[in-house]
């Protein structure tokens, strides 16, 4: 169990850095897909089967495909995305430093969490059925509001897409 | 199977979060920045899942589900805006866009 | 209800003006003057009050966490400030007819009348919040006139000095008031606050005193005054220097001294030094001033410094003589600024060097100017002397050293007033080309006449005013219960 | 699989239902035929606002919870909902001035606005982390898009891009913060978190820090304010108005609810909030000194006003809520009025966003100029305006808030003094003699006039008779559970 | 008699005032002469009424001769006070007693004669009516001063007189010299007013009231040191008004005013106000020996110094001005040592012959078309016999030759000095008498005898009765005025006894003290001879002496350079300080601070805007750094502060 965990962690961290570091967006999308799948495995280890499925289907499947479309849309006939050195001097170093400091702080904050392994989960925890029950009873309102959010997304894209300049 | 301690999950989540933040600040390509944001959001998801597991409580998992849907909506809108903004420009560089200032 | 009619009649007249078309200047002038004079006549009825009785009106206003009531009153302390306001405002509205260009007369009169209402509101306010509201509202009409109706660019710059400096004073006053009301939980504070700790009361009194010093203005805080007094149109500066400069010292009498009697004694030595500094600095600066309005502005800095000296010497005559000096300075400053305004309008310049020998062409102007200058000089028999003498006879008993310094300023006052009067009126004739007829027109004479009459009357018989003003700073009677419309 | 486990009290959800119906109706009507004039669509939107308000009336003054604790409607959220409806109505009225050639169909625009307000409702009534996150996201997503519908095209798109990227970054902090808070308390509801706050350890502390950062972004508090001026300048007039009032109101609802429920008293944990408030007051006012664009100036002003409103929470004393609500109402009336005047003069476009166009306005258009002067005096806090009494209440709270409270009071006073110059300059320009300057053409449509008059009435009435505001609320101390 | 006594003083006082108001209002519509007539009649009316009142008062027994009148009279329903701040009450009150009557008679009497004289003299002045209005104002103010019942109304009269002298000195306002002289006069007067104000404050501190009755009644209650200080401060006022050392420099400049003004104000009445003040406040000085001695010393010093300066002047009016200062020195000396009757007697006689001298000089100047420099005059005796004769009578009177008024009054003073045991003062007095005789006769010889008229205007000798009648009357008074005090019966003391009841019987004057009278007559004669010798008999001796004592002569000509000392000591520093403040300190100094604050705030504003670089990633960085800071605070302070305890 621990071995699987460490493998997934390694994959996660490496692919995450891969997403950030690669110059070409398509490479970073691929890295992201691998990252998400490792994440799905992690979810499985945490008895969150439904979440793992969602991660794969929605996240990796739908969202990243959308990313691919947009990347291809924008970079036809142009050179590598980021040409030339960054105009903003004095941006790279402070961001890395602050990122690392943030990580250190979070780590120290998080360290107080119990280091012991979690107790054995009851049989039905994490099953889709009980998840669905919870979703549609205690968190029914949240479920409804997600409806609004998606509606807004649709309307938003429609509003922006209505522009005539969008000629392609 | 012996469980994995909560602290490790959180450490991983924090690491993912940090990489996401640094990625956002470093890259000048909006799409990569969006991907970095997705990374940050997923770090949150991981933390939520881990806590759900420890407390044997579904709220955490519900939150992850909601974050995923919202992430989808947000990605859609963000990419639409990015497309709208960069459709006519030669290169896709965030620093080019800085007329509003002062 | 009479108090409210007096307070809001100018505002109502101003609003009525808005309904009159901008071009009908005749109607505008008639309505504005009628309103201002009616206010003055109405305010005269308060004179029948005598020292003991009080006209008081209270209506519930805010019951929220800190209660506040619309509490206005006219008692012996406030009577003469109200009268001064209505008299000077009526005169200034009448004088305003010749200043604004035809198209802008309506706006100018509107702002002057609103300014009068804010002043009346301030002088009758017995509730701290109401007092503060009028304190800040006073800034708006002056700021708008300076930026829109004074015409020159310097005036527009002066508007800033005025708004920001007085705004800062106002905000410090607000901090003081909130700090105080934090203890009492009601703005209806009239008497001594029982459990006010020593140190806090010093801070609060300091805030009040700073705000009042900025408004007077007193020596270190006067840098907004030169630009404002020289740049604003004469009717406005007559009202500002004549009436608004009394708001600060009125605040001392009505609120600061009754509320923090012991803190006043703690601050007294410092404030006395400030008073003497204002008196001497004002006198010296006036001698050096080459601009005639600037000279009168510095002279009012000096005279009002004398009133600060009176209040903080805690002498027997300080309150009644202080009020007398304030009223007399109000009349003198208004008269002087109006007369200088007439001269500037005819001669086109304010520089003392460029003009001279006007008395040969305008004996009546010279006579009016002589009375006003001599009153400002403190010639016995005129109100200036009455105020100065009664203050100094009182302060000599408690602060002989400071009084002798103030007496030096009396001699200096003679110097700068003579410089002003003689370089304008006497000496070889120097008139810029194309200067119109110098002599005062009948309207202008009738305009300044009431002010000079009051100056002479108060000079000959100040006892009349002494009988009608309190002598000690007693706390007003405990806050009147908030019953609607009860008035004596 | 029955649903009996869930108690739904429809009256509490009635306003949201009404608004949703309105939104959908607008979409359907827009879909029905292209010939429908834009005014009708916005008319339906405003009608749905009125309907929602009518449904809210019975809820007034009661304490009702539905969907087992997820969403509540109490006196506290009632006021925020009322403010949101007012803002929506005014924004719709101002948007109706937009010319057709601005592009984008009116139906989607109006519907998006309505759903965005529903997000605000959700935020105002939210009582657990999930709903808070959802409400914020619903509001923000809609605004990311709406920010991009402005004219000139490039500036508006730039604003939208900046808003969406930085907004998502802030939401990322919010999510991670919520996760840690969830981890520290074991439950998602604020009550659970309050229990965890009693004995804070690492998780709670880090989580609350990140949560606060995410929220501060929405409130545009310094140092997370940098997006505000650019986005305010880029987005269209009506949306800027909406953003400066609705977003602030909803975000403050959450902050107040968190402060009062989780902490319930002034504690060391809130000190960064006071520090941030002081910084915001200074940055907001000082930054606005040299502005030439009125929308950007109001952007800075909203940063400062956010700083002022945080002062209401000083000492987390019972009166704090009343002070915050009063100030928010005053700020809403004043800012909406100011934007209404800009819309009135510019006929919906941004021609009157530049300060230069106001030179000598008083002598050309006295009434709009007078209204604008009133609004700016209220923003500055000149007496007899609602802004002033709001500041009196803020100072009252500040003095009850210990040494940090006094610090905030002094920052507030200094900020107000600087704002005398900032807002005074606008009035100063309007009163400048404008012989030489060519007058910028100005419109005179009826609709914005209603908004201007409403704004002016609100500013004056609450300024002169603040008691009316209190009379409506037997006061809110026990408002928050 | 009750009604008479109550109303007459007010009519005397306000008659000139109504004259002035009538001229001011009706002036333009009435021909020039009308204004003059109104002016003259009102002063004449006052004189007649004063005479009637005087005769009534002097008919009363000595101890009842003090009338005090309050307005409103006692039976009035509600009392009216000038100032009524409970412990301090100042009422409207007058006090008529022989001392006041003596001054009132001279003011209205000599005043009327000078009004008559001005009708002719001021013919070609542009503001003819205004002149009479101002003269009436002066008479009103002077009457107020002497008739006042408490120190406040004395001060009001004091300042009113200062204003009138300012207006009259600067009468022809287009000459800058006159304007500056008027300004200097008023400023010096105000310094005097301030002195009196301080005295009043001290009096109030010790006696609780300003009215003469109260103050003089319990003078003894205050210690001598307090009385000394009051005396000294009153002296400051007297010195400023009576142009004694050190505040005398305004009097010579005051000669810029028309001659009638010099005659009335700067010779007969106003300058003697100081003497009246000390005489009126005699109870204070009687109990304050130190103050009284200072008064005497200043009087004597002024007399001597003025006489020395008078010797070296070449302007006819300036010589007379310094001679006035010297004669008033005598009066101050007299009242200083307590010889009040002698001082008043000299005041009366001086009023006659000094007014005479000024008016005679006025005729000369009038006839010479404004020429005042005696070096240009000569041999006028034959051309203007009337002026010469009257001027000679005046000179004889002032030098103190036997039958004339000067002899008796100056002799009385020197007699008193000898009697009261002040040898040094008597010595200086006699030397001054010699100097007086010298410079007066020097003036007579230079004007009327030596050489011929060298001025540029052709002297015309037209004779106008209105100018000559008053001069003649005064000439007669100058001769017989002295006979009030003859060896046998001392009329002056008898008249004044009523006012000095509290000092017991006034010492009788008039006994011939051969030694003193001898010395004074000898010094007068010596002065005459020296003047005659130097100017008539041996002019070359004068020239040699002049060259030998040139530096002394220059110092005296410039009045010991006192004026220039004051200029550098007071005027220059105040004016430079004032212009520095107005030009630099205020605009840059105090104003600079504000401008500085404004600049820093706008600077801060720009700094704040500096964060708005427009770059999205910069904003992101700002947010992350902010997040890190907040996180750090929480982790270390709050969490680290767990020990501190969150609650």
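The chains carry the letters A, B, C, D and E, assigned in the order they are written, with residues numbered from 1 in each.
Going forward, a contact is a pair of C-beta atoms (placed from the backbone, for glycine too) under 8 Å apart; a residue touches a chain by one contact, two chains touch by 3 or more.
Note that the structure is predicted; figures quoted are calculated from it, not measured.
Asks: Out of curiosity, which chains are bumping into both subunit C and subunit D?
Replies: E
Asks: Which chain, with its centre taken as the mean C-alpha position, is closest to the global C-alpha centre?
Replies: Taking the mean of all protein C-alpha atoms as reference, the closest chain is C.
Asks: Where the centre means the average of the CA atoms, what chain is farthest from subunit E?
Replies: Greatest centre separation from subunit E goes to chain A.
Asks: Just give me the whole-number Å value for how far the CA centre of subunit A lies from that of subunit C.
Replies: Between these chains, centre-to-centre, one finds 71 Å.
Asks: Just how far, in Å, is the C-alpha centre of subunit C from the one of subunit B?
Replies: Using C-alpha averages as centres, the distance is 66 Å.
Asks: For subunit B and subunit E, let me know how many angstrom lie between their CA-based centres, rounded off.
Replies: 97
Asks: Approximately how many whole Å separate the CA-defined centres of subunit D and subunit E?
Replies: Going by mean C-alpha positions, subunit D sits 78 Å from subunit E.
Asks: Where does subunit A touch two or more other chains at once, residue-wise?
Replies: In subunit A, residues 88, 91, 95, 98-99, 102, 105-106, 108-111, 113, 138-139, 142, 146, 149, 152-153, 156, 160, 163 touch at least two other chains, as defined above.
Asks: Please list all residues of subunit B that touch 2 or more other chains.
Replies: 10, 17, 20-21, 24-25, 28, 34, 45, 50, 54, 59, 62, 66, 70, 73-74, 77, 80-82, 84, 94-95, 97-102
Asks: Which residues does subunit C have that touch at least 2 chains other than itself?
Replies: Subunit C, residues with two or more chain partners: 164.
Asks: Pull out all the chain pairs that touch, please.
Replies: A-B, A-D, A-E, B-D, B-E, C-D, C-E, D-E
Asks: List the residues on subunit C that touch subunit D in their complex, please.
Replies: Where subunit C meets subunit D, its residues are 60-66, 104, 107, 129, 132-137, 139-140, 143-144, 147-148, 151, 156, 159-160, 163-164, 167-168, 171-172, 174-175, 178-179, 181-182.
Asks: Which residues of subunit E touch subunit D once you look at their complex with the stated criterion?
Replies: It is residues 601-602, 604-609, 611-612, 614, 616, 618-620, 622-623, 625-627, 629-631, 633-635, 637-639, 641-642, 644, 646-647 of subunit E that touch subunit D.
Asks: Tell me, which parts of subunit B touch subunit D in their complex?
Replies: 10, 13, 17, 20-21, 24, 30, 33-34, 37, 40-41, 43-45, 47-48, 50-51, 54-55, 57, 59-60, 62-63, 66-67, 70, 73-74, 77-78, 80-82, 84-85, 94, 97-102
Asks: So in the complex, which bits of subunit B are touching subunit E?
Replies: Those residues of subunit B that touch subunit E are 21, 24-25, 28, 94-95, 97-102.
Asks: For subunit C, which residues count as touching subunit E in their complex?
Replies: Subunit C reaches subunit E through residues 161, 164-165, 220, 222-224, 226, 281, 284-290, 294, 298, 316-317, 320-321, 357, 359-360, 363, 367, 374, 377, 379-381, 385-386, 389-390, 392-394, 396-397, 400, 403-404, 407, 410-412, 414-415, 418, 422, 425-429, 461-464, 466-467, 471.
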